[in-house]
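Both complexes below contain chain A, partnered by chain B and then by chain C.
After this line comes the complex of A and B, so read on.
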């Protein structure tokens, strides 16, 4: 009985943690694709940049400060044994590391995002999607093979920023922190997109020529938008690294951090942040359900293979069904009710009454 | 010499894949993100026949040609055609091919483990190189992959320029709306292009294990090179795709080889970086690919005006 409630608690925390991580990434995609119509098929790159900020940059800063010897893989292990006891003594130190990492993640996310979108100056939408996917895939391969950046497929350790908490409470505390960051991101994105800037993005999505005719530079808007989107997505990468206390490049693959966010965005409804929350929550629930009952599914159906493959097939089919039957998602996009729009609607209703 | 041979084999296979990608792009307007995994499908067809019935991979080419073609038609008729009929946007269609890629990956992964259980051998990773033999001093794979390309070009030439169906096909590639008015069934040409694309990918997949190790996720790695080759070729003509395949294939293998001599062998795993650099240079210098370069247009114009 005790064990069962523990398992339930664990499941709920897992759902909340993954909802917050995926919410951040999917909201960032909503800015870029949902609002601005930029088909960013290389979302995973920004998340990887966040992990590089935590495992590659902040780790190196700390290694230099504490003078740990060895290459990045060994030194990060050594660093952990130096820094974790210090965090256990002083919780604020841990939070400072997290805050620094999030800021650096957002910064390099924004820089890579701005550079990454430059090919869009010359390309049609489909060429752009291919190019972004190719760039993201190649950088993923390089950081996977090259063990000098973030340890590649061996991975590096990162300090446990909650080393002062015992194991089971650590998970709870980390979930609270992630939820807090996700909620902050939600309100930031909501404010950003209900501002005139958000409507400018929608206008660009619908017709670039009109926006250009009104004297706006499309390229500047694109660079700004992808920089903001990538900065947001990168924070999720950093958070995830501190949650799992290590960074392995292999985890930042295209399926988990580009395809799944697109699936959640289209499921919930693009151009609509409440829809995104709904989409992310339903997807995470389904995904974790499959993960938890992986073994049961395998034995019950007598599968001669790992249930992960089944997960790929199911989510692929789910995507096709959404695209065919409900491409606008669960919640439809609604027009933004600005004061002038409200007034115009009121005036339209007047003569009828 | 072995390096050039290997580079040629790789270029041949890349040309098969990028020609397939280009023809479906011409007829349906969708860049197919599943092209790489469609090739891996062919690899597994051959692996199955080899493990269970002892058929040499070279003899499985006809089977994988046909099964690959059926897979191509299935992707088009089951997934893409219904969406095109609903006038889905291009990005939606691209996401649909990404979803197809994921489904295929899952199916191949599940299948490879099942095959492992049935045959009692390790099937997660495999390579056919030990089964290769020599023809006139060269590796058979070089001869066979070159023959595959030559046969393909010859058949395509006959089909496109010497038959009625070929004329209809070219017409509906140039201008689908006009071809339809003239009584050409554009749907047939689309189905044909997906059949050809799938079968070429599967044949390339049958030959690919003679050059590199195959895992279910290999498709996700080679797709970068396929797209690079097709974009360098301009995504608008078969000859462009052919040239693109050789440009990317040769530069990827040769440049990495020479760099590895200068810098060190660890550089070999970064071969895809070369593809990406060539792709980006091509996009900057010639956004419509080598098939869209001015020189060709002028020649075509002169030819038509002089006649």
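After this line comes the complex of A and C, so read on.
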């Protein structure tokens, strides 16, 4: 009975944690693709940059401060044994490491995003999407095979920022932190997009020529937008690294951090942040349900392949079904409702006297 | 050719004569192979479209270019110069006062064009004529010095077409210059100050209002071709 209750608790926390992480990434994609129409098929790169901020940059800063010897792989292990006891004594130190990592992640995410989108000066839509995917894959491969960045396929350790908590409470605390960051990101994105800027992004998505004809510099708007989106996505990469207490490049693959966020965005509804929340929550629930019960489902359905492939197949089918039958997603897009527009709506809805 | 300040300059010519190409070159959507474009004494030949807009040049498109998944009101609100581009303004909410003013201005324009009842409709649901009016409305939103219009009254009912042109005439009196390409000569000629006739990428004649219809060049290249 107690085991069952623990399993349920674990499942709920898992749903909340992954909803938080994926909400951050999918909201970032909503800024870029849902609003601005920029088909960023290289979303995983920004998330990887967040992981590099935590495992590559903050780790090196701490290694330098505490004078730990060895290459990044060995030194990160050594650093853990120096820093974790300090965090256990002083929880604020752990939270400071997290805060610093999130800031650096957002910064390098923004810089990478701004550089990453430069090919859009010459490329449009499908060609741009493929190019962004290719750039993302190249950097993913370099990070995976070059052990000097984040330890390549060996990976690196990062400090346990919650080392002051006993193991069973760590998951709960990390979920709360992730939810807190996700809620902050949600309100940031909502404020950014429920404004003339959000409207301008939608206009750019609909027709760049018109926006340009009315004096807006498309390239500048694109750069700013992808920089913001990438900064947001990178925070999820840093958070995830501290959750798993290590950074391995293969974790940040295109399926988990590009394809799935696109699926969640399309499922929930592009250009609608509430839709994104619904899409992410539904997806995470389905994904974890499949992860928990995939062997039972395989046996029940007599599937002729390994259960591990089930989720990829089902989510691939789900993507096709959404695109075919409900391309607008669960919640349809709505106009940008600024206070004066809401006021106009109220005035015009009044019965005529 | 010359577009005088505070006047309405009409460009006519048969299909394929280069009228829209001329508009694209003047607004920066196409690069000029030769010649220069001078606006208020400044050479703008190599400037980007958004830079020309900042100098006060705005255009409408021959085929209406609605922002389909934006409402009619939103289509007008994006037209204001420099509005909505700053992330810092978006986050601090400094745009609110300007938004209030722009919403009022947009409703006045929509009211004038007779499409204010459609303000909250998606632009993709408008009819062809309504889309034309939307194009005109956007151009009127941005307080431009020179408004370049590609067939602004095509598909618009005659009464409303006259009403639009009267409004343009009033705006011209206030100092705004108009450069218009239009085929509906029966309606537009009474409102224009100068007419240029194009054929095969060149200006072949020029004149004033209905006088141009008596020009033999025009009869041959334009009206002749039409007939």
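Just so we're on the same page, the second predicted complex is superposed on the first by the 325 of 353 C-alpha atoms of A that agree within 3 Å, B and C clash if a C-alpha of one lies under 4 Å from a C-alpha of the other, contacts with A are read in each partner's own complex, and residues count from 1 in each chain.
Everything below uses one rule, namely that a contact is a pair of C-beta atoms (placed from the backbone, for glycine too) under 8 Å apart; a residue touches a chain by one contact, two chains touch by 3 or more.
What you see is a predicted model, and the numbers here were worked out from it, not measured in a lab.
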Quick one: classify A:340 as touching chain B (first), chain C (second), both or neither. second
Tell me which partner A:8 touches in the superposition: chain B (first), chain C (second), both or neither. neither
Go through the superposed model and pick first if A:202 touches only chain B, second if only chain C, both, or neither. second
Going by the contact rule set out at the top, does A:312 touch chain B (first), chain C (second), both, or neither? first
Applying the document's definition of touch, where does A:137 land relative to chain B and chain C: first, second, both, or neither? first
When the two structures are overlaid on chain A, which partner does A:214 contact: first (chain B), second (chain C), both, or neither? second
On chain A, the footprints of chain B and chain C overlap at residues none
Chain A to chain B touching residues, read off their complex: 33, 39, 41, 119, 122-123, 125-127, 129-131, 133-135, 137-138, 141-142, 145-146, 254-255, 259, 262, 266, 303-306, 308-317, 319-320, 323-324, 327
Would you mind writing out the residues of chain C in touch with chain A in their complex? 27, 29, 48-50, 53-54, 58-59, 61, 65-71, 73-74, 77-87, 89-91, 93, 95-96, 99-100, 102-103, 107, 119-120, 138, 142
Residue set of chain A touching chain C in the complex reads 188, 191-192, 195-200, 202-203, 205-207, 209-218, 220-221, 224, 228, 271, 333, 335-336, 338-341, 343-345, 348
If we count contacts the way the header does, which residues on chain B are in touch with chain A in the complex? 30-31, 33, 79, 82-83, 86, 88, 90-92, 94-96, 98-103, 105-107, 109-114, 117, 220-221, 223-224, 227-228, 231, 235, 269-270, 272-273, 275-276, 279-280, 283-284, 287
